[in-house]
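Input: structures, listed below.
There are two complexes below, and they share subunit A, which is joined by subunit B in the first and by subunit C in the second.
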Partner chain A sequence: MSASVKSPAVRALLPGDVSPETSAPTLTADIDASCRAPVLFFFVSGLAWLLIGTIFALISAYKMHSPDFLGNCEWLTFGRVRPAHLTTVVYGFAMETSIAVLIWLMCRLCRTPLIAPGIITIANFFWNLGLTVGVVGILAGDSTGIEWLEMPKYSTPILFISYALIAVWAIITFRLRAEKHLYVSQWYLLAAVLWFPWLYGTAQVMLLLSPVRGVVQAGVNWWFAHNVLGLWFTPVGLAAIYYFIPKVIGRPIHSYYLSVLGFWTLALFYNWNGFHHLVGGPLPAWMITVSIVASIMMLIPVTAVAINHHFTMVGHFGKMRYSPTLRFIVFGAMSYTVASVQGSLSALRSVSEVTHFTHHTIAHAHVGMYAFFTMVMFGSMYYILPRVTQREWPSARLISLHFWGSALGIILYVVPLSYGGILQGQALNDASIPFLKVVALTLPYLKIRTFAGVILALGHVAFAVNIVWMLVRVFGPYRKPLQMIISGSEQPAAVGK
Partner chain B sequence: MNIIGLIIAGSVVLLPGVALLALRWAGESGQLRQFDRQALLPFDEQEPVGQATDQILGRKHS
Partner chain C sequence: MNYGPLLFLGILLTLASSWFGLVLMPNKQLGNLDVHTDTNTLAVYPQARNGEAQQGEEHYRSLGCIYCHSQQVRTEGYGSDIARGWGRRRSVSRDYIYNKTVMLGTMRTGPDLTNIGERQPDYGWQYKHLYNPQITSAGSVMPPYAFLFETVKIGAHGPNTNALVLPPEFSVEKGYEVVPSIKARQLVEYLRSLKSSVDVPEAEIKKEEAK
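This part shows the complex of A and B:
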């Protein structure tokens, strides 16, 4: 493998303290060091958005069964807090952490120290600026009312500037890579980099700048909302899983053939999925049927990924006891299978006529965005942060609290709400049941959801405390070598308790 | 043609075109061969195959 940086173009872009002609071990350390500031900026701001989004989530969840709560404050009415929650966790936490993971993975797999860190820093500033403007706009009542695109259109150009910088950086890094062969994670990452501007740009133009009319709006809306999950978050999440599982257990992926098959079939089928959200809607039936067929075809890449992950892990599940990264990543990988199979089945007309317009859909969205994607991002952060900061995680107890808070919290969120959603759907389809009785039927499940949200919030706070503690050590007098984590050959790397 | 038509036409022509070009590039540059070697790309001299990493909780896994 090509381990040193030979390209003069790359060398010209390298940070001053990174030596281009280094051996493999030093190169890895150089790559991590070069990523430190940009990756930290994105992780820390993503964490801040996670905490803000969690507060919005708790308020929204509580309002669902106690609608008078904060009812006197127009900024915190349900119609504003709920989209503020979605925007902060999706475009704040999920987007920013995924960009940080993308940056680190690209550098590691391209075997190139991070080039032009200034571009990333500026992009981070603009992304947070655009997002702040967007969230304040939503709370002030300027929401567009379009699901997953609630930020007012005056915030969009700022976000575009930021994303363009990230995309340009990713392409330049790929172009100047020292390792010419691509790992499957890079396929996913590069595709996501190209897919997102197409999705976001098309949706912005067709829904906000030059809006299409009638039911086409709903079609474009769900084409975007579904694809941003499948063509941005899913590829980045799978890229991380394909990297971290082999890396942590020290074993190559079970079948590289299957991983490539999984990538190309995802690329082929996912884009057609969005219209299954409009089963029963006033769109041409063939469009919805095509979408349902594509949703079922998604079982091909999902099965390929599930087989690959499972057989890679066989014989190594015990390592989850010792690796926080593996715990979160394996939980996320299993949830990917659950979310995808559930999504394919929910696309069927016979299922959709019960679950559509119910809390079942909300539960399904959280299996995808939290149980799969967020858990994978948490796992990635547990691996990346010690390497870029050269500091260990300060508290093993906080790691455990975070994992169990997140894992149990999301299970408690999803299972009862999915069941309640099915009951709700069946009751809605029964014309003899008054609507208010249907609403009352859902109340126990909504209260359980609020309780689950509190557990999730505890996990998030534990995670935040651990990260802040770690960062204090970065700038404080505490210095402890990270050799045991990096080499994996040392005896117990006992993190402080 | 309005902007919507441009987007749709662009999507229909451009995106499959880019995908085909990517596939062609992958074939010509050897990305679709030597899969066993590519599966080893996450590893290097410092963190080779067979060596677990991130075993930071409790005792080290042997």
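This part shows the complex of A and C:
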């Protein structure tokens, strides 16, 4: 491998920390060790938010078909638990985990041990503080009433400060990089770091600090909400996929040109998508049409990325049996294609006429945020955690339980609910069907969803037990002697991959 | 793509395009939209809400009604919003200029509320429905908002005029009555203020429907 890795053409297709002549195991080990505390802080608090968010999810799912459940408690009424669920899983779990993955990938790919860990630790503290204030605010009734931005305005400046620290850290690390070659994952990470504050800042100013008038609010709302998916979560998720697939199977990315095409077309088209959430709404047609066009154009980056990932994997799918990282990441990568194609199609006026305002949209959101993004984050954690803690995963059985709980749970969640949503939409569009009949029609699908939620929750608990067990081995009173993982080595380690 | 500054520039320019096109441009086009004055009757539309209804809008936001109810009527022939009687014309940008927070909504677990004030102006119905939706709409999945009501002992002067007239299977202990709290009263004032059946130049009500 060492000979081929020297050629520049191949260098462009491999993560920066791969080439043996510069990748002294001690350097990668040093980088992992330097990331230990900051990455652990974000992973562990992210995990806590995942569990809290799962509880909110189960409560709201159950209320959806049994509205009397906890009906007397104002703090736990459906209209508050649901945004609390979204806020905890999106800004708690997904955001914190993605920050940890971003930090670790940045250090590895820039070949720089983590600088100023104190900054990240402070950022973590403030992020959790802001989020706690925000979630309690929502439950207490201070939600802003703006989807994806429910946290009250007294909590969001704390979050913004915290994010600014991360962004400044990431840009400094990028500037200090020892590896001059930029790998595709770094393009996505740098883009996400720069896009998010622009999105969040615009939304905060134009919706909360000095609200714009009338339906412009709805426009800014969906420009932000769709872009936080497309320009933060998607790039970080794709960066992780582009890093871990070649890393685990030890093979370069299929095509450099498809990577370039995929990146720039995503950058061009995704940020114009947001108004497809307003199809049929009270805004001028040009605004909505331009978003529909951009949504269809998204088929270009999605196809490019799908082909690139698939042809990198071809012939290596068998490795998913031994590598939890690969299993989760490939599941996520495939779901990315599904979520994106479903999203592009739902933007069409003829499809939106049926699916808009139904549970189909909720199912679609979970294909994107869970089947794609969350699964990729889980896969990344299976790779990163053993390296930063220098411990193997304690239980292979819990890993299996986690994978199957999450994979089967999310399939059981999205498939019936997508279908039920279409039936609901068709019934709603037939004015001869009384409204309460439409409600009754959706009930079986809502009950299946609650059941799927329980399976997902089991997977999350298995994951949490495994992580806590691992941490007990690191910090607990009866520390096990260090397991031998050659950090950053290309030798397949049985469990840690 | 190893040249950092070029990457940086591309990243900023791509987002700048939609920031200009989907944030600044809509604000320029719609951000100063004003009321419409009918040249014949001099009637002004829309009207600002009264104080009670404005308070109610805050409760609508705080209780998260938006997660199940939309406030937008799609045009005739696109969906069945008008056929279901949710409005007599499609919603337009002008309808929302006085809303503090524009809650168009993305979900219809419950019906659209753009014109609920016109469709269901009865206080008694609104209170009973909020107190326990099963009273008026059996089979609904809307949660009960009984916490917006108080069960109090009937005073010496007889029942409160606002007290809910509950059917026997939902009635409370004898000698007690259910009265709406201030929050429930403000919320119902807000719901009653939701109506948009006024002709505007951009969307007129069909004449045969108006008859």
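By our rule, the second predicted complex is superposed on the first by the 452 of 497 C-alpha atoms of A that agree within 3 Å, B and C clash if a C-alpha of one lies under 4 Å from a C-alpha of the other, contacts with A are read in each partner's own complex, and residues count from 1 in each chain.
Just so we're on the same page, a residue touches a chain if its C-beta (ideal position, glycine included) is under 8 Å from a C-beta of that chain, and two chains touch if they have at least 3 such contacts.
Everything numeric here is computed off the predicted structure, so don't read it as measured data.
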item: Partner chain(s) touched by A:Pro157 [first = subunit B, second = subunit C, both, neither]; value: neither
item: If touched residues of subunit A are counted for subunit B and for subunit C, the larger one; value: C
item: First, second, both or neither for A:Tyr383, with subunit B first and subunit C second; value: first
item: Subunit B versus subunit C as contact partner of A:Lys180, first or second or both or neither; value: both
item: Subunit B versus subunit C as contact partner of A:Ala267, first or second or both or neither; value: both
item: First (subunit B), second (subunit C), both or neither touched by A:Lys319; value: first
item: First, second, both or neither for A:His356, with subunit B first and subunit C second; value: second
item: First (subunit B), second (subunit C), both or neither touched by A:Trp198; value: both
item: Touched partner set for A:Ile253, first subunit B, second subunit C, both or neither; value: first
item: Partner chain(s) touched by A:Val212 [first = subunit B, second = subunit C, both, neither]; value: both
item: Contact residues common to both interfaces of subunit A (with subunit B and with subunit C); value: 180-182, 194, 198, 202, 206, 212, 260, 264, 267
item: Residues of subunit B that touch subunit A when the two form their complex; value: 2-4, 7, 11, 15, 18-19, 23, 26, 29-32, 34-61
item: Subunit B-facing residues of subunit A, complex; value: 1, 3, 23-25, 27-28, 108-109, 179-185, 194, 198, 202, 205-206, 209-210, 212, 243, 246-253, 256-257, 260, 264, 267, 318-319, 321-326, 382-383, 386, 392-393, 396, 399-400, 484-495
item: In the complex, subunit A residues that touch subunit C; value: 63-65, 67-68, 71-74, 77-80, 82-83, 141-147, 174, 180-182, 187, 190-191, 194-195, 198-199, 202, 206, 211-220, 223, 227, 231, 260, 264, 267-268, 271-272, 274-275, 277-278, 280-284, 287, 290-291, 349, 353, 356-358, 361-362, 428-431, 435-436, 439-440, 442-443, 446
item: In the complex, subunit C residues that touch subunit A; value: 1-2, 4, 7-8, 10-12, 14-15, 17-19, 21-23, 26-27, 29-33, 60-68, 70, 72, 74-75, 78-80, 83-84, 90-97, 99-109, 111, 133, 137-147
